[in-house]
Structure formats: C-alpha cells, structure tokens
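So, here's a batch of structures to check.
The two complexes that follow have subunit A in common; it is paired with subunit B in the first and with subunit C in the second.
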Partner chain A sequence: MKTRNKNKAKTRLMDLPIEILIEILKRLPIKSVCCIRCVSKTLSNIVYSPFFVDLHTRFLIPTNSLAGAAPQLVLRHVESYPGSTTRKLTALESLNYDESEGKLTLSEIFSTSQREFYSDVAFVFYDLICFKKAYMDGNCILSNPLCGEVLRVPTSNILYTKFGKDITFFDDSYGMGFDDITSTYKIVRISRIYERPSYSKSYVVAQLLVLGTSSWREIPVHPVIYCAIPWDKSVCAYGDMHWLFVDEGEAKGVHIVSFDFKKEKFYLTPNPVTSRMPYLHLITLGESIAIVDTYFSSMKVEIWVMKNYNKKEWKREYIINHHMLGLDVDFRFHRANCGEMEYGMYFIDEKGENLLFLDLRPSSMKCVACPIGRKKWNGRRRILSLKRSLISLKKFGDLVEEPESGGQSAGADLGGGEIGQLPNLDFFFLVMLY
Partner chain B sequence: MSRVFKLKSSDNETFEVEEAAALLSETIKSSSSTEITVPNVKAEILGKVVEWCNKHAESEDTKDQLIKEWDAEFVSVDQHVLFKLITAADYLQIKELVDQLTQRVGDMIKAKTLKTVEMTYPTFNVEREVQEELKSLGF
Partner chain C sequence: MKKISVRTSDGQEFELEENLAMESATIKTSLDAFSRDDIILLPNVNSWEMVKIIEFFTKVQELETKFGVKFMEKKEGRFLEAFQAEFDKDLSDDNLYCLLWTVDYLGIEVLLENLCHLMAERTKNKTVESCRNLFGVQHDYTPEEEAEIREDYSWAFEGPEIEE
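== the complex of A and B ==
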C-alpha cells in the first residue's frame, strides 16, 4: 500500500483533508457547487450537509458575491378576466434569453385562474419570494418557486397585544436578511395601523422574526419611516435590506433606508441622486448595489454603483443617452421597471409587453429590445430577478404539504373558475389559495 | 536578535528560515523547538513554502499591488504542485497561504464548471464532458 502511494505521480483533490476540501468548495459559486454534488456520493454528502450550506451561505451572502451565478428572471402575470374584478389569471413563468440566438423563451412554472389569496409580492430574497395577502392581516408565505417549496411564516400577535383588536392595517411591508454572526435568517416587518373607530392617528410598528422560531419581537422603527415601504423599491444586498423611501416631511427627498440584520437596526444610507421617486430604482448590479435614475426631463439613464459598501460611497458608473442605444421602438424609460440580469440589466415597459436587455460589459455594451407579447386582458406584468442560493426552506420548519385529495381540488369551495393546467408544482399554487 | 528556524523536508533537506518568516506558521509558532520536520513534504515543495514566507515576512502590507501580483504568479502552478503546496501549508498552518491556494483551486473548478453546464431546475444533470473535466482535477 505504501509503495503504491509513493509511485503515484498525481495527487488527487480527494486525497486532501476534508477541511481543505470544504475550504475550496465554500468559495465556489452556486452553479459550480451544483456541478460538484453530482460527481460523487462523498461530494454530494458534503455539499448537501447543513453544515456546508451554512458555511457557503456565510461566505456568499455578506460578500454579496454573485460569482458567476446569473440571476434567473421570472415573469409574473396578474390579469383580470374582462368584466370581472375578482377572477384573475395568475401565472409565473421563467424567462430565458438566449443571447446567441436573440431568442426569448418563457416556460410556465404555474398558472391558475382561481382567486389568489397570497397575491402580493412582499419581497424577493435570493431565490425566495415572499407573498402576502392582498387584504392585509399579517399573514405571509415564503416560497421557492424554482423548486416548489412553500413555508408558512408564523403570525404575530404583537400589534393586537399593543393596540387591542380594533385596528386596521393600512400597509404592511416585509424584508429578509441574513445574520452571518449567528448564521440565522430573519424577517423584518413594518406595519402602519390605524385605531378604529377614530382613524385619527396612525402608528408605525416594526417587528423581527428569526426564521426557524415562531415568535416575533418588536424593534424600534427609524424616525424617518412613517409608512410601509413598497417591495419593488427594495433590494437585498450583503445580507441586509435596502429600501428607497420618500420623505414627505421636512427634509423632502428620497432616502435609502437600510436594515442591518446583525445589529437589528434601521439606518440611512446616503442617496447621491436628486431625482424623484418614480424615476428611481434600487437594484443589485454584479456584486454591488446600484441606483438607476431614469430621469423624466432628459433623454438619458444614469446608473450609480456603490463602490465601497463599508464606506457607503457611490460612483456614477454609467451615463446612457437614449439615442446611443439605437432602438427602433420608443421605449419610455421613465415609466419602466428594471432589475438585474446576467451581464447587465433588463427594463420592462409599463404595459409589460416589451423588454429591453442592456449588456453593460465594456467589451460588448449593447441594447436589445424584445417583445413579450400582448396581454390578453388588463393587468400587470412584473419581472422578479431571482439569485440562486443553497437555502432550503426545510430548515425553518415544516413545509406546506401537498394535499391528500387527488380529484377534488382544494379550491373548489371558492366557487367557480377552473384551475389551470397544473404542472408538477400544483401543491404550490393550491397553498396560494389559502 | 532574531532566531533562526530549521525546517526539514521528508527527503532530508534542511531550510533555514528567519524568525519573522517562520512565525507565519502557527505550527512553528506553537512548537517548543526551532527544528521542525515536515513529514510527507519534499524539498521542492517545502522550498516554495519557505519562499512564500520569506516574501510575506518582508512586507507587512499584504494589500500592496506588487505582493498581490507576486502571489498570483506563485499560485499559478501545475495542479499537482498546487495540491502538494496545500498539504504543506495546511500542516504548517499558514492561513493566508492556505486561503490563496484554495482560492486558486476554486477558480480552476469554477472555470471548468461554469461554461459547459446549463442550470436547469429542479433536477440537474451534469454533462459527461464536465464529469471528465472534473476527473482530470482529481475528483
């Protein structure tokens, strides 16, 4: 045995001590990790272990490293049946753009024409989407649509305990982050409530939940926050949550309110831009946060990138004049939504019928317009940009199980409406109805 | 007055190392003797490790651009040498060197896995060629 080892010319990676192997694997981007786990049983055991997932996440999230994992774009349609205010068609499709062929492919993740209870997106955290109910009651669910996992988020009693039962939710927003010191994921919630019957005063309350536990606790709210914050002006980066927020008070302007999940505190991040809220977007771009200023008055788009996260220093990295893009269509940037995609950004127009892909690589900077197709009925289309992660919702609690009944759908007693074609993720959307 | 440490390779070659360079190794730091034998590590490899330590003892500031370039050159070696260097650096517990070397291996794996594989969900299939490529790395 010993002589054979001596004669071996090559040293194999698998001969290295396991701690070293883990040191190497933890630095790999998700895509590579997924490759590795298919190669051998030993590697699969290492990579699937909760210990490794924790280690990898702890390395990945605080450094905000994308490291080769392109965001997965997902298109969400919510369209109303003509003449009906309640019947809607909801669909979630994955959107893939083939650069070499210039082709856009959409593949359905699920669709339903039942009324969706958890219809509003609360936030997007890596590849997790949190949905909340349209009529707010503090219930939300966390889902991983790409692998069909759904988790009910524990409800909170704090508001009722504090104010009594006679309250109305005015708005409710959520954010999720990662504390790499305790290796825990947390959800922060900001609610604005009114006391019935007077409705004279509103209160803003912030709460925090550590995922995996079942109790929320109240935390101090930053004085500048007077109402809940829209999810689509938010971004998660470096494990913290950042929101664009309009201050109607004395210091008028747009702030960036951030939440540090380690210290469990809100703080303000400097905003370098003076444009008004509707024209600003907060996104991640590569390994940094960026502000996209679509301007109303000028024919240009500016992108500011946060070059130094610790010092919160911004730099205006791109100035894109509309005429430079060589577009045939008249794309109204100031009415578009945008987000990150591989090598750059996408813009989706107001109607949700046209997509613009902006490749920001210096060597191949270009812009490609792509129609998605007209909507059948009135409604909205939104794109969500998901970043792959190794997070499994299983570690936070029992996932919502697929209902036992095969024939009778759980949604039947809602009355009317067929359930659309159910792909393998039917249990996922059935949960959406409750 | 700085001590001189003697590092002995598995094929009986001795390297003399100044205190500042030697103490980059946790193993040497916690050793009671100034003569340390490094088992399973040949002279060629031990020599390179000593070279790295000497370079890093000279300059305190590891953020220096020149050092970074030198480090990048240092780790651009054949994978067999790379793995042997890792084993040596691990035994000697030189954290910075282990980090640099493992990062390099990670980069090599990344390069081999990123281009050829399509990520499809929820199941994931690895192309045969990627498996072959990874095998060449010693998986």
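== the complex of A and C ==
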C-alpha cells in the first residue's frame, strides 16, 4: 500500500493505487481518454493497453455511456464510373456542421473506384461500419473508416451444409453487439434463402459468430422473423441490436426485433407506433433508441424515445409540425433518411441534396436546412452516424492490407487471407451500389 | 440499532449505526476481531473525512426512503446524480483526493465508486496541462511526439477545455 502524505499533499492522482486510478479512468468518455494519452507516457501506456480498453468498454457499453458522446457524421457517395457498367466510384467524407457559423464542412476520408464488391451498409456499431455484398452470398466486412482498419469477417458454411449449393439469398441482415460477461463482441446474421430452381420455399436461418474466432453457429430464429423482412440497417444500444421488420403479408405490421448478445436470443421490443413503413426509422438518440415517424399526410414528425431500456418503455417525446419548422425549402420528410447527430437529428432528403439539422434541446429547439451542394461527387448520398470507441479491429484477426501494386484501381483481392493494416485510406476498396 | 464508536486521527469520536459501519470492510473486520463495545481507532482517517462519510450515509438513507430502493444493495449509479452535485460542491480536488484514499482504506465500495465518478467528471474537460497538475506527472513527451498525438486525435481536442 502506498504511503500517503497526510499533511495535505497536492492532488497527485498518479500516486493512487493503480486499481483506483483505473476506476477513475474507465469512467472517462472516449474523447477524454484520447486527451489523456497526451498527458504523459505512463498514462498513455495505461489507457492504450488492451486490458484497459477492455475494462473501459465493459463499463461503458452496457451502461450505454459511450452513446452520450457526439456522433461523427460521415457522408457516403456512390456514383457510376464513367464508361463502365460494373465500376462504381465511392467516397466517404466526414461531415461537420458548425452551428455558430451555419457552415457545413466536408473533408474526404477516402475515395476509390472498384468493381462491385461490398454493397449496402449492414449496420453501424459505434465507429465500425459493416458492409455486406451486393449479391448476398453471405460475406461481410467490418471496417473502421476513421482509422482505416478493415477486417474480413469469416465466412460461414452452415447454409451450404444445410441446403446444398443451389440456394439464392434473398435477405441477409447482420447485427453486432457486446457481451460484457465474457467480454466478447459477436455478430449475428439472419438469412432468408430460397432453394433453386423451384423458389417455392424460403427458409430463415440465424447464425452467431464470436469475433476473433472463425466459426459460426446456428441459433434459433424468432417466429416473427419467418414472415417478415428487415427494413434498413440495424441499430445498437446497450450492447444489443435492434431491427425493424415488416410483415410480408397484407397486414404489413412493423415489429422491432432485438437481439440480446449475452443470452444470444432474439426478443421482441414493443412498437409504440402504428404507422406503416416506409415512414418509420429506427435510430439511436442520446442514450437510447428512438422511432421517428414521418407519416407524411399528418404533416408532422413524431419521435418516440425509449425512456426505460430495462422495461422497454416508450414515450412520445417530440411532435414536430412541419410548418412550425419555418423552412423555406419544401423538405419531404417522408422520403428522407435520418439519424442522430449532436444535440438532435439530421434528415437527408432522397436525392441527398439537402440536409436538415434538428436541434432537439428544449432550450434551443430549431431546425436548419443546409444544401450539400454539388461538389466533387454527384452520385447518391447517404449519411452514417458514427460514435467513437476504443475498439480496435486488430484484436479480432488479421486486417486487410493494401496490395503491392497499390493504386486506386487495383483494389483488394479478398480471396485468401490478406494480412496487415491499411496504411492508406485511398485504398478502401468497397463499392456501394446503393 | 447498535451504535459503533470510532475515533479519528485527531482524537474526535463519532457514532455510527451498526449496519452503516459494516459497509466499511475495514471496520467490519475490526468488529469481527474485537468486541463491539470498544472504540475503533482509525488513525488514517481525519475527522473532516469522517464527517463527509457520515454525510454520504445520511443522504443515501434519505434517497432510499424517498425512492424506496435499497441503494446500497443495488449500486444504482444514476440514483445519486442529485446527491453527487451536492457532495461535489464543497470538495476541492485535494480534499477529494484525500477522501479517495480514506474511503479506499475503509473499504466502502459504493462510496469509492461515486468518488471515482466525481474525479472522472473533474478530469473530463481539463486541458492537457491541467491534467498534468492533477495527475502529478512530468511532461515527458518531446514537442514532436506531443504534436503527433494531437494530430492523430485531433477530433478529441476540439471543443471547450477548462483551464486549471
């Protein structure tokens, strides 16, 4: 036990027993942890150690405290490559909105042109984006665009083993979560497949992978999923993942299907809203999740926030009438995409030309429209909302590396297992067919 | 309810209810070893620290009665938001630091967690230089090394910072 100078020494946190020092540090938000790295080499070593990162994540994810930080918005462009039917130009820009100046700044994270590879965004887990292949043969990759890491997720043989090779994937949804009991990250996958050539019957299979291992295993599917289709990407909160599923049949009911990564089970979260798709959006908001109802003929936007996560209690927190927003652009909420940003939400219209920032703070509720403008890239645009974390993809396996030949057109050969780390973000090989 | 007597380093005596005294692992060990009628000597604890600790216990009991939850058993961190704001007001960094040592010595887990939380809050928006004072460390980066870190984490250094 360290001796203590009882006669009132100045605060010297470094003299505290290491266990207490860590108890203090683990409660710091990511931003502060990164600043601490600058304070001294000893402190940097402490907070950079995998042991601390683990402790920090174990503390912050289940309490959803990581969620409290301001998200980093990232704008994704996809457009056709001139003269090619298979190539696409993709770019990712970080988007920062300066409220005081009303200015939007975009700065390129990367841009690349590639033959079709990975398409849609499967989910965003803090600052990790998961992309899945356009033609859904069950491959996905995990990336951290803000620090240039890309990890290839091990493929699964389960479906081929179960059904043979003659299958077509109709749907493939993914989710990622953190199990704070075993301190592991897991990926869940829900696939709907049809057997060729008849296409008469569809099957739904769910699988789970513990990141860092290489084999998937099958897990039971929730009954609702058999007759419903996932809508848009999943959303994470408290280490769990949540999706909106729409009934296939006439009823078109909307369900919130959730996955508990500790129990490794699906469950249903009550849905407070009666509107139909496509007007509903599931997003993270502050320290919880929210449903945004943009049902257009009501001329308002309603936001339901989950006030009590343990009891799954919703509250209709905001009712925003369109005309109250004082917008001089005719913004079509019902065709917009939305997500979380600092102090509120953003909406991006269908064409990706206009951005709406909605500040939801009670003292300063307002709405600002901001044209994105025709810059370098003119393709389709979508915004992703990332929350910084200390998660490093390196601990889960070998990262994908830029090939020797380099250059934007060479691209990554994702055939065998490539190793290393991306030194240069220009080489971010994914192409998104929106 | 039985009362336990403790004597702090400066000779002052305090009385604690038995169940609250038992929250301290150190006191509990002493009680198990010796008779409950004896005064427990706490040479590492100052009287002002004891006052603070008793204040904590009193407040917790108030909140438990008000909210009807056994705080000590549940360890509801959020529970004490209101309390923390109060507790935080008249505690200087140095005092908080001393209290951390004392509470660690006494082994009062719940209070320790809250104090760590308070200290973390204070560390949050401080400038790097202020943190150096708070942690009591020497500046051991070369200007180039420091510049590199600031560059790598430029996003973390945005926003308002509090000077010491």
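Quick note on the criterion: the second predicted complex is superposed on the first by the 374 of 434 C-alpha atoms of A that agree within 3 Å, B and C clash if a C-alpha of one lies under 4 Å from a C-alpha of the other, contacts with A are read in each partner's own complex, and residues count from 1 in each chain.
Just so we're on the same page, contacts are C-beta pairs under 8 Å (C-beta built on N, C-alpha and C of every residue); 3 or more make two chains touch, one makes a residue touch a chain.
Just so it is clear, the structure is predicted and the values come from calculations on it, not from any experiment.
A.B. asks: Given the alignment on subunit A, is it a clash or a fit between subunit B and subunit C?
C.D. replies: These partners clash in the superposed model.
A.B. asks: Which partner does A:R12 contact after superposing on A: first (subunit B), second (subunit C), both, neither?
C.D. replies: both
A.B. asks: Once the shared chain is lined up, is A:K41 touching subunit B (first), subunit C (second), both, or neither of them?
C.D. replies: In the superposed model, A:K41 contacts subunit C only, not subunit B.
A.B. asks: Given the touch rule stated above, what does A:S49 touch, subunit B (first), subunit C (second), both, or neither?
C.D. replies: neither
A.B. asks: Please work out whether A:G148 is in contact with subunit B alone, subunit C alone, both, or neither, and reply first, second, both or neither.
C.D. replies: The first partner, subunit B, only.
A.B. asks: Under the stated touch criterion, which partner chain does A:S32 make contact with: subunit B (first), subunit C (second), both, or neither?
C.D. replies: A:S32 sits against subunit B and subunit C alike.
A.B. asks: Enumerate the residues of subunit A that count as touching subunit B in its complex and touching subunit C in the other.
C.D. replies: On subunit A, the overlap between the subunit B and subunit C contacts is residues 9-17, 20, 23-25, 27-29, 31-32, 34-36, 38-40, 43, 388.
A.B. asks: List the residues on subunit A that touch subunit C in their complex, please.
C.D. replies: So the residues of subunit A in touch with subunit C come to 4, 6, 8-17, 20, 23-25, 27-32, 34-44, 63, 72, 388.
A.B. asks: Under the definition above, what is the set of subunit C residues touching subunit A in their complex?
C.D. replies: 9, 44, 46, 77, 93-94, 96-98, 100-101, 104, 112-113, 116-117, 119-120, 123-125, 128, 131-141, 146, 149-150, 153, 155-157, 159
A.B. asks: Hey, which residues of subunit A end up touching subunit B in the complex?
C.D. replies: 9-17, 19-20, 23-25, 27-29, 31-32, 34-36, 38-40, 43, 67-68, 146-148, 388
A.B. asks: Where on subunit B is subunit A touching in the complex?
C.D. replies: 80, 83-84, 86-87, 90, 98-99, 102-103, 105-106, 109-110, 113-114, 117, 119, 121-122, 124-126, 130-131, 134, 137-139
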